[in-house]
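Each of the next two complexes has chain A plus one other chain: chain B in the first, chain C in the second.
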Partner chain A sequence: MGKKEMSTYHRPFPNTWWLKRKPYVLFMIRELTSVFVAGYCIFLLVFVYKLTQGADVYGNFIDALKSPSSVALHFIALAFVLYHTITWFNLTPKILVLYKGEERIPQGLVAGMFYAGWVVVSVIVALFVLGM
Partner chain B sequence: MAETMKLEIFRYHPEKDNEPTFQTYEVPFLEDWVILDAINYIKDEIDGTLSYRWSCQMGVCGSCGMMINGVPKLSCAVFLKDYYPDKIRVEPLTGFPVERDLIFQMDDFMTKLTEIQPYIIRNKDEEKPLDEGEYLQTPAELARFKPYSMCINCMLCYAACPVYALDSTFIGPAAIALGQRYNMDSRDHGRDARQELIASHEGIWECTFVGECSAVCPKDVDPAAAIQRAKVSSTIDWFKDVLIPWGKKK
Partner chain C sequence: MAKSNEPIWWSLFSAGGMVAAMILPVLIIITGILVPFGLVDDDPLNFERIYTALSQSYLIKLILFIVITLPLFHWAHRFRFTLVDVGLKSVSTLISILCYGGAIAGTIIAAIIFLRI
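And then the complex of A and B:
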C-alpha cells in the first residue's frame, strides 16, 4: 500500500557450499556413507541368494570374495559403515531426550546404551559365525 | 603506534551498486573489544555510511548477527583477540537477501514465525476466565520445553542452514523449534493446528540434520534436536493413523 519494494541483493549459493567449512564436509561424508550401508545390504541379499544356488555357486562366490580387490572394498565399506554408525549413535541422544523428573538423563548415557547394544549384538553374531 | 587489526566488510548500496564489494578498514586492536565494538568504531570514526543492525550489545536482542569469517555469530559476542592478527571478513547472514551493507531482509523469517503460531493455544472449552488465574505447570513439565524457549530470533541458525539457503521455502530451524516449544508445553493444545505446517514438505521433512543450526545457536536452543524430535512424533502419528485407523483422533 504505497510501500515501495526495496531492491535487494541475492547472493549466489554455489554447489560447493559444503567444501567451505569442516562441519559441512563431515555432514556430506555422513550422507555419503548411506550409499555404502545400502550397498552392503544389497551385497548381503546377493550373499543369501548365492547360498540358495548350491554348493558350487556358493563356493565360487566365496572364492571371489577372497580376492584382494574384494577384501579392499570390504575394508572401505567397513570404514564408511563405522563412520555412519558412530556419527548416528552420537546424534541419537539429541532425538531420544529422556527425563527423570526435572533432570535430563545425560546424553552420554543414552548414546552409551546404543554402543552397549552394538557390542552385545556384535558378540552374539561373532559367536554365531565362529560356531561357538 | 598502537596495534591495529583489519576488518574486511561486505558493502552493498541498493541505489548505487549492482554487485557487492568488500571494503577494508583498519581499527585499533583492543583486548576487550568485540567485533561489534570495532564496527561501531568504523561507523563513528571512519565511515558513517556503513549500515548494520545492533542494539543491546549483550547477546540478548539478537540483532547483530553477522557472518564472521564465514561462520554465523553475534558480533557482540566474539572478541577481536580471538582472530588477532588476521584480517576478519564480515558479511551479512547467509541465506537472506541483502538490503544494504550488513543489513539483510528478515521478512521471510518473520512471516514463518507468525505462521508457526508460537503462543499457547487452548481448546475452546478449556479456556479459563482470567479471574481463575494462570494455568499451572510443574517444574518437570517446564523442564521439557524450557531449552527451546530461550530463542532470541537472531537467525544465526538460518544462516548456518544450507537447506534454507538452497530452498527458502523451508520453514527453518528457529520457527520449528519454537513450534516444538509450544507443542511440548503442558498448557498448550495447539499441536494439531501447528502440525499441518510443521509436518508439511516445507517443514521438518526438508531438514537433512546437518546440525549446524544447533552448533551456532548462542542460546543452546538446539533447533536440530527439536526438528528431529518433531519428525519422530509425526512418524508416530502416521503409524497410529495407518495401524489404528479406527482410533479416535485427538
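And then the complex of A and C:
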C-alpha cells in the first residue's frame, strides 16, 4: 500500500536517450553488432544443415552465396562484426588486468596481443578452410 | 546476497564475444567475398571436401559447433540489456527468457543437426 507514496521521484527518461550524443550512438551500434554476430552464426548453422541434406541441396546453397543479396548481407555483417572485434579487443584489457611482477602490463600492449592473435587465428582459419 | 545466475551468463557472453571477435570476420570474408567472387582456387567449399572433413573428425565438428553456439549466448546477453536500455525494463524477465531461451534453443537445434552428420 504505502509503497507507492514512498517511492522516490524518477526523472522521465526518454527511450531515445541514445540518440542524444555520439558516444551513446556508438555504444548502441556496438550493442547491435551482436545481432549480426548471431545472424551469421545462424547462417553457419543453415550451412551445416544444408550439408546434411545432400550434395544437390548443399550445392544450391553454395551457388546462392553468389547472389547480390547474399553478398550485400555479408558486407553489412562484416562491417558490424569488425566493429565488434575492434571494440572487443579495446575493451578486454580494461577487464583482463595482467601484471608482470609488480607492474601492470599496459592496456595497449594487452590489446596489441589480442590483435596479433586475431591475425594469426584468421590466417590459420583461412588456410584451413580454403585448404591451402 | 541473493544467489544469481549472472556469472554464468556473463561467462558465456564473454567467451562467445571472444570467439566471435577472433573467428567470424575471416569466415565472413570467405563465404561473402572469396568464394562468391571466385578469388580462391578449386571450389574449397565443395560438398565432398566439407562433408568428409566434418563427418570424419570429431574435433572439427566440435570446433564448428562451438563457433556457432557460443556467440549465440554473446548475443543473448548483450541484446537483453540493449532492449532494457531502450525502455523495455518493465518486461525484462520476459526478455531474459526469450534471449537466453533463444540461445539455448539454437544450441539444441545445432546439436541435433551436428549429430546427423
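Please note the rule applied: the second predicted complex is superposed on the first by the 121 of 132 C-alpha atoms of A that agree within 3 Å, B and C clash if a C-alpha of one lies under 4 Å from a C-alpha of the other, contacts with A are read in each partner's own complex, and residues count from 1 in each chain.
Heads up, the rule we're going with is that a contact is a pair of C-beta atoms (placed from the backbone, for glycine too) under 8 Å apart; a residue touches a chain by one contact, two chains touch by 3 or more.
None of the values given here were measured: they were computed from a predicted structure.
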More chain A residues touched by chain B or by chain C?
C
Once the structures are superposed on A, label A:98 by its partner contacts, choosing first (chain B), second (chain C), both or neither.
neither
Have a look at where A:19 lands relative to chain B and chain C in the superposition and call it first, second, both or neither.
neither
Identify the partner contact of A:127: answer first if only chain B is touched, second if only chain C is, both if each is, neither if none is.
neither
Taking the superposition on A as described, I'd like to know which of chain B and chain C A:48 touches: first, second, both or neither.
second
First (chain B), second (chain C), both or neither touched by A:58
second
Could you say whether A:116 touches chain B, chain C, both of them, or neither, answering first, second, both or neither?
neither
Should A:11 be classified as contacting the first partner (chain B), the second (chain C), both, or neither?
first
Applying the document's definition of touch, where does A:75 land relative to chain B and chain C: first, second, both, or neither?
second
Just chain B (first), just chain C (second), both, or neither: which does A:31 touch?
both
Please write out, lowest number first, the residues of chain A touched by both chain B and chain C across the two complexes.
13, 18, 31, 95
If we count contacts the way the header does, which residues on chain C are in touch with chain A in the complex?
14, 16-18, 20-36, 40, 42, 44-51, 54, 64, 67-69, 71-72, 74-75, 78-79, 81-82, 85-87, 106, 109-110, 113-114, 116-117
What residues on chain A touch chain B, complex-wise?
6-11, 13, 17-18, 20-21, 23-24, 27, 31, 91, 94-95, 97, 99, 101-104
Parts of chain A lying in touch with chain C, wherever the complex brings them together:
13, 15, 18, 28, 31-32, 34-35, 37-38, 40-45, 47-49, 51-52, 55, 58-59, 62, 65-66, 70-71, 73-75, 77-78, 81-82, 84-85, 88-89, 92, 95, 117-118, 121-122, 125-126, 129-131
Parts of chain B lying in touch with chain A, wherever the complex brings them together:
12, 14-15, 17, 19-20, 70-71, 94-95, 97-99, 105, 139-140, 142-144, 162, 165-166, 208-212, 214-215, 222, 224-225, 228-229, 232
